[in-house]
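Scrolling down, you'll hit the structures one after another.
The following pair of complexes shares a single chain, chain A, combined with chain B in the former and chain C in the latter.
Coming up: the complex of A and B.
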């Protein structure tokens, strides 16, 4: 079993170098003030300056909306996908866009949503006139939801696919109607898929920043924007790290809230 | 288990191979030929590529050319010293910061040929007195671009005109705290380098009222959008404006007469430079009027080289966008390097403005 130790040690090494060390460095940086001294003013500022709190609220609010939109689209999609004939093929087609870089997709949307883009052209053709689509909250959420969609569909699809069909049949045999079966049998049994989907979508959505500029025209400001600005423009790495630490804390909280509570009650 | 074994060792093998290849490549570029290669660090799309070929042919040096997209990113990279750049091209306030932090080598003027070609207006500026550390490369201004299909020339003469309620949701701003705060300070008759807390707060209060007119706060994308008629007004740099106007005949550029920013991008030799001789060869090459003119024609920014300016096509020489009159220039200000505390103040206020 020497080999096992080898794999294990390489895994530990990886964790140390690329997960724990960076997090520890960020934590350390977050206590460094603008004069290079060791202080907690960064945290004080975060909670004192109203802008940061509003930004936090904005981030959580938009991430929540994006997650909700993707969930509403994903669950039915995943559900019907499991009932199609060539489900693996369809699934593959849904995953395919994730192979394309997120920036390229964002730039594609700039073309699609612009004043002379195809969406406005079709609207005009239908007699609805052209509208301002870019730089609105709606377009930002739409594009963000589009990008996150495959990550939500995949875990839900797996959960529904693994569901024992006979349980559904039993429920129908015992007199439950279609909705009751769905609500009392299918939904609770696929809840774990939803939970991991929510985690995978909500957490990255908290710190989206390129999209907020390219599609949102910097009218939606999230914590990601603030981190970018503190690191690249102000060069106040301490404050940037502080926001990073707060994001990490928020993520741990989300993981905890949506995590499986298997051990309890068993 | 066997499969995992094969995969595991496969990955290690690939890593090792890549490591060896990169090691060999590094050896090539750093040790053996360091006196034959000139490492140049410049803004993206900021030199005529034909000039690099010409420089290589003329001097026998090999050019390794890298680009950056912000002064701050360039500053960090040079400070960390991973690559030994022989030439870099930062802007005014960053040059000051680099001098203060001892990141630059002094330039020996006796080794230069053709310094007299540079217009004396652009020498001996406050950020580098006596041009001890830097030589002018290009310069430009900040102003308003408007589309004459939607906006009359008489409607945009001053920064204050941006606040006109008629321009609801129609302005694209450049994403920079110095630029946006600066133009607001200018509109209140203050300096773009004002650090008085009261003045900054007043500027922020005024800026808040601009929010309804702002359509988006962007970077390079403004060029594309303005050319596509996406917005009637924008605030950006003169060089960017030139490029937009080439693609859309309805666009015009103005510099508000109450004041604005004038900026300079200068060539410097970072302290980490290895090939000093090559660096001087490049400086002298770019000082030659013929080369400077070719570069100005390609990049479409204003050249500080007066001998080169005379070689440009007449239409370019007379262009008021690129070369504003001396009277206009006298109203313009260079950005000073701000202290970390004041820089944070500018950026915090700008961030708060963005959230409106």
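Coming up: the complex of A and C.
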């Protein structure tokens, strides 16, 4: 079967050149100091200099808040969606906005949150006065949550939709009230959906960099912003790679924490 | 009465959720018809900003480049990804298979900044000039894994006795590939091509890292314009891109509806669709 090797080789070449080599290179680059020497100074700096640790903490904190906001909006949405007629159609309409360029969605909010934009207008109409909304941490979080929303709704929707309805009925028949049924039956059985939702929202939230610039006004520095700055602005690739390696480590940790546990027999 | 009331709240919640999702998009499109400059006060209706796009040669050039890039990168990614899927399918050892699939998914789960920065190091080390070639290679690279994930299930669903029969009838390897395997996996390849196409069209972060001065895509251009503030030309552009996304989505659903898949598989495909 020589032919098999022939067409497999392009794919294997891709694996070597564009998957393994870049990972190895970013790992190697993270040990390159500002003078081009091989050193662990970058890691030392990262863990010694307060600014880096504070930035990492902030990034994780905001990613956590973004994930929480999306989860709180998404769970009821997904739950109610499974109860509608034509649910697949509605689900498609939830997915549709993800096909729209993320830059355009961010750009929309520059107008929406602007000084005389619709949000400020409504605030004034309600007698709350106008505020500086754009370039604040809150606007950054809200826009990030807006962009991530469909990614959270979909896995939760699938988990709830796959839930065996008879389990809920049994629970109700056995005298559990609605809340007890939800807390002890529905919620634990849809936990895997929540976990994969958290995974697909939290990791990108750590690395968003254009939102922090366009919407956050550089007030929140995420790990992604720091990497972009080191690579493209200050040209300190070593430090940028070090932060990159930290981000990869964070990603692996999150995937480990939210990974699907071994399936118990059902 | 009670259930009616519950439905009322349920529907109200869903309406609000859909409004949150769609209002920003429609807001953007609405003001693309505004004759005054900003996104706050609607003066009166005009097509002027669409005409502006038409006469903005730089923007048209960038649009053409972006689409050319998307067509080409997704085509090449589909070819390489399909051969990858065929290769993975032929690997018998389950551990090796899991390993390859694990490696395959690395680029799918990696944050864009990591892909962008590591590719930037990679191109610099190899001495590849940043520009169209580096962007094209990156787009091919991050689109391959999704093609593999779309094609592989089709191969696994394939009834292997077809191949045995073809072999018994004396078909050689290429004849089996062309006559038996390819027709079966074509829906997966088309779905993979679509996904790769939208990945390429939507990508901002990776392109931003690996593009030089000479080459720009729409996302990068929108970013640099948006940093300078509001220009309703972008609104008009977003309206056009929204329409285009609608066409793509409909096209995608039309194609994926043809293929005989179970409901579960559809969900899987949808899950892949938005990643």
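We take it that the second predicted complex is superposed on the first by the 243 of 266 C-alpha atoms of A that agree within 3 Å, B and C clash if a C-alpha of one lies under 4 Å from a C-alpha of the other, contacts with A are read in each partner's own complex, and residues count from 1 in each chain.
We take it that contacts are C-beta pairs under 8 Å (C-beta built on N, C-alpha and C of every residue); 3 or more make two chains touch, one makes a residue touch a chain.
Worth saying up front: this structure is predicted, and the values here are computed from it rather than measured.
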item	value
Chain C versus chain B on the shared chain A, clash or fit after superposition	clash
Of chain C and chain B, partner touching more chain A residues	C
First (chain B), second (chain C), both or neither touched by A:214	both
First, second, both or neither for A:12, with chain B first and chain C second	second
Partner chain(s) touched by A:244 [first = chain B, second = chain C, both, neither]	second
Chain B versus chain C as contact partner of A:232, first or second or both or neither	both
Chain B versus chain C as contact partner of A:53, first or second or both or neither	neither
Which of chain B and chain C A:34 touches, first, second, both or neither	first
Touching partner for A:135 - first (chain B), second (chain C), both, neither	first
Chain B versus chain C as contact partner of A:110, first or second or both or neither	both
Which of chain B and chain C A:149 touches, first, second, both or neither	second
Stretch of chain C penetrating chain B in the combined three-chain arrangement, among 23-31, 41-49 or 77-85	77-85
Touching both chain C and chain B, counted on chain A across the two superposed complexes	3, 7, 110, 114, 116, 213-214, 232
Chain B-touching residues of chain A, taken from the complex the two chains share	3, 7, 34-35, 49, 51, 54-55, 58, 110, 114-116, 132, 134-135, 213-214, 217-219, 221, 225-226, 229-230, 232-236, 239
Of chain C, residues touching chain A in the complex	10-11, 13-14, 17-18, 20-22, 24-25, 27-28, 31, 38-41, 79-81, 83-84, 86-87, 90, 100, 103-104, 106-107, 109-115, 117-122, 125, 137, 141, 144, 148, 173-174, 177, 198, 201-202, 204-205, 208-209, 218-219, 222-223, 226-227, 229-230, 234, 237-238, 241-242, 245-246, 248-249, 253, 267, 270-271, 273-275
Interface residues, chain A side, partner chain C - complex	1, 3-4, 7-8, 10-12, 14-15, 17-23, 25-26, 29, 73, 76-77, 80-81, 83-84, 90-112, 114, 116-118, 121, 146, 149-151, 154-155, 158, 161, 200, 203-204, 206-207, 209-210, 213-214, 223-224, 227-228, 231-232, 237, 240-241, 244, 247-248, 251, 255
Parts of chain B lying in touch with chain A, wherever the complex brings them together	1, 4-5, 8, 70, 72-73, 76, 169, 172, 175-177, 214-219, 221, 224-225, 228-230, 340-341, 343-344, 347-348, 351-352, 354-355
